[in-house]
């Protein structure tokens, strides 16, 4: 990380990796802040793929009209294999130069930030990353763009599932997103009065789950919702439900996998504001000479973390959250 | 169907089969109409199971406070194997008699109405059925209770999925409910600008789907959503997606199965009003001597159809709807 | 109304008057159907104002991408004073001719259809009208575009208001849209278990309202919601609330005027399908020589009604709905 | 604030002041945590009013089933004039004693906490307060219960209003809640791309607003939304709109006052989790001897602040938020 302001006139902005609600709000904030500081802003379409294919267009005020409130990313996103090769990155660099782009704002997850870091090291293009992923699994920020919306979407869906679970005295296994991280599962679990929460980071043996369910049966709870993160150690919702079915054959058990609907939708109030702040701070960071960093919010303050650290260090789930979840589900 | 008014003092109301949003609004309307006509109303819990187990309680004004807007059914629902036996039905009859219940309102689908019909034939207990199922597959009513809400839920979820489909130029297969009937699929398909709609009632060969997708590719459509009813002739969404993947290996294909969340949620405006009207009309039907019938709305008019006909005759999807869908998706 | 097919090659489409959710879906259907029948379709922006100012652009497949699910109208709307003058209409006609536009599809309410009728009479430009207004006050269709969404929006808002009404044992007056027609009020009232519904079409003396409230107090109802259509005979929500306050000074009374949020939002499933069907049918009507008509749906069938009749005849609220509302609110 | 653990066996919980979404989730957490620590928990209905009238009932597991996801407060709330008198408080104390209640959890705003503080001073009843108010105007916590939901509700409503604002190129003044504090207005403003945000804490002269609107007109912005906090220094939305109308008579200006719908609705994911944590921490605080404090979350940590300080100190809006809002709206 350097802090030597350089002369920046044109910046490029891209979204990469899985899309997340709030990415559009972040792009808008980057563009607005760019204009505020008299920069030209270029949209790079389909992430690094568009950088390689020169799918790059100057953005104006109209480009960002009515995008704040929309899910997805109007710059589109894609995974680029070619950018992983030196030849691909060389092509991308040449395209940036031909447009005169001095610096980058990259919105995405782990892999997207890694790309920016590599690119900076090889070609010296200053870049600030924004944590854009519903999974919340990035070090260097309390919350990532899209996480709050994904939790609200999950909870809204589970509210509906609860209606039918209760009407039929059923046990529902609901699988939420989170391949390596249980953040969505924990929030969805606390927020939906779940009987249990199964996450990748912690073991939750089937026996313990059975005990919990039997305890709740005695306490006359009429329905049960168990939240399973897709990357859970005990298998996905389908697998774990089958194990339970064998041990509790009289239970009426159903499985719902929420899937990709968790990625979309109008961003929540929180995500709109987080994205807006981070977008402005990314541009201001560039102007202050903060390169090769990810901008995040920690304890309500803007913090710039070296990308290298953001992608290597793990953000861990809060044991206190799990303790609270335990107290609330018994 | 007879039309000889008899002296009814106490009615029982139950929900049976899969729950549907609007069932609570229907129960409320039955209770309110009952009070209006000076009847006592008894809630029979967990459908026919509760009739057999004497899980029957008198309802008052407080029982139905704040239920109109809630999904599911506060009387709960269950499938009863015992009610399919003559012994089970005898027990149920005895319980009704011990409470002095003269007549029944049964809210549910095909199977639930069949039960009411059988029960009427065997014991002469007057019953009016209400079409309560999200599938809309009942003859004798234009729309069933819960169908409109389920369509809105499906469309809301697909709106979110479209965000991510468009951001990634993806092909999404979205499976909606409808084991034997394509009503939800057709509405969700028209309502979400689907590339194709696959329903149980009509063949849609994979070749035709491939042609459609290629045509849209030429027309520069960047994303595709294909709606598949769970009981589709060509298999579920997972199966059909795998067939397409083999033929179009470069497509980025994802599958989402909406599942049980389609059953829950606060009922839509339409379902609240439909349920309210049918609930009142059920009670008024009983008082006018309309027994062994299902009450529905056809062309904006209340219509009483013999249950026997409602459960035997099929409601068919409207070819005109499919024609419109075809014009809109090309 | 004539039924003589003429040779139509280019059609213009516009939205006029107050916007309504589903207008975009209707425009999309007109464009798609146009393409299907090998027509060119021109978008006329800001209603008749754009016809006069030549704000007319050819629409293509991209113009209508991702509009189906959005509220408002991307063609925009405006009220045009100039179009009410012969000079204004002459200018508009000249612009249409300069683009070679043979026929029009006009989406809007009363005033918008009147304009189309006048224009047809004066210049012989064939036009089909679509009923686009949240108020549902057009003869010739069971339901207008946007009405179902507006009812759902109103009910969703009232569900939130009920939370606070119940928590505080309050009496809430909620004013919904409907200057001349009580359709939204009746649906919102039945759908939200209202204590009373005050509409422009019927008198509801304050004394009767007081009686109703006292009756409910005796019945231990803890909260009350009274729905008032903005054009109610007894005054708006504010006025009537003050009258009640004087008579029942101990009541904790609040007023909420829902206002313009009832006009916006993603269209409901029903409105998307209605709009889609009407849009296709408008184009097919033109091709079959149905001019100077409004296309609507009556008893689930497409019906073409002479515009003159649609704007002169009144659609009346259903007394049966009011009777049901009465039974449910006591 | 003392930290001397005493022997607590029975706790009472109440909600007071304006209701806020998440209050039910907080009550549930208090009850669940109480059971976890082998306490009896009593619900005190209608706030201090119920304490005086002995409207106090023991809560069990069933009392809190399916309340987490509901807006409002099932314990109900009321403002109590009698509790402001020594006689009233004496009555209240006697009632608590007669039930053997040792300690209190009070969920509410400023006034509610003041009551708890006074009561503790006079009768030594240990109490922990929870910040329950949509206004977010309490010192001692980053966010209050209900604030995030209220922001989401406001933003959802403004999203709808934007549809119609854009369709008609209108200027909308939207009034949100916040009599003394601009927190909702700032979030709603940033989250809805507002042209300007008027809050009680800062002057925003009409001239500046006019300049902003003219600047945006030049920049071809077609619609404008101005957010006004109800307690704004420049008057409410109606008043300020009239001033603007006089200066810009050609603008099409509308006003919407969101009103009480901002108080209700299912709590957001964030509010469910915040309420759950605070509810558990309140009980744990009591058991650790933390009395006469409000429990909040500051920088992601549970913090107990003396009630006296919480009610005297002001929470100030973040100037950085206003700076960001300024950059984004130009």
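Think of it as A, B, C and D in the order they're written, each chain with its own count starting at 1.
As a convention for this text, a residue touches a chain if its C-beta (ideal position, glycine included) is under 8 Å from a C-beta of that chain, and two chains touch if they have at least 3 such contacts.
Note that the coordinates shown come from a computational prediction; the quantities given were computed from them, not determined experimentally.
Think of it this way: of A-D, A-B or B-C, only one pair shares over half of the C-D contact pairs by residue number, and it is A-B.
Between the Cα centres of subunit B and subunit C there is a gap of 28 Å.
Work out the mean CA point of subunit A and of subunit B, and you get 36 Å between them.
Note: centroid distance subunit A to subunit C, computed from Cα atoms, is 40 Å.
Residue positions of subunit A touching 2 or more other chains: 159, 162, 166. If you sketch which chains touch which, the chains form one closed loop in which each chain touches exactly two neighbours. Subunit B makes touch with subunit A in their complex at residues 15, 18-19, 21, 23, 46, 70-73, 76-78, 153, 157, 159-164, 166-169, 172, 254-265. Interface residues of subunit C facing subunit B in the complex, by the touch rule stated above, are 28-29, 32-33, 35-36, 61-62, 65-66, 68-69, 142, 148, 151-152, 154-156, 159, 162, 166, 187-188, 190-193, 219-222, 266, 268-270, 272-273, 276-277, 280, 299-300, 321, 324, 327-328, 330.
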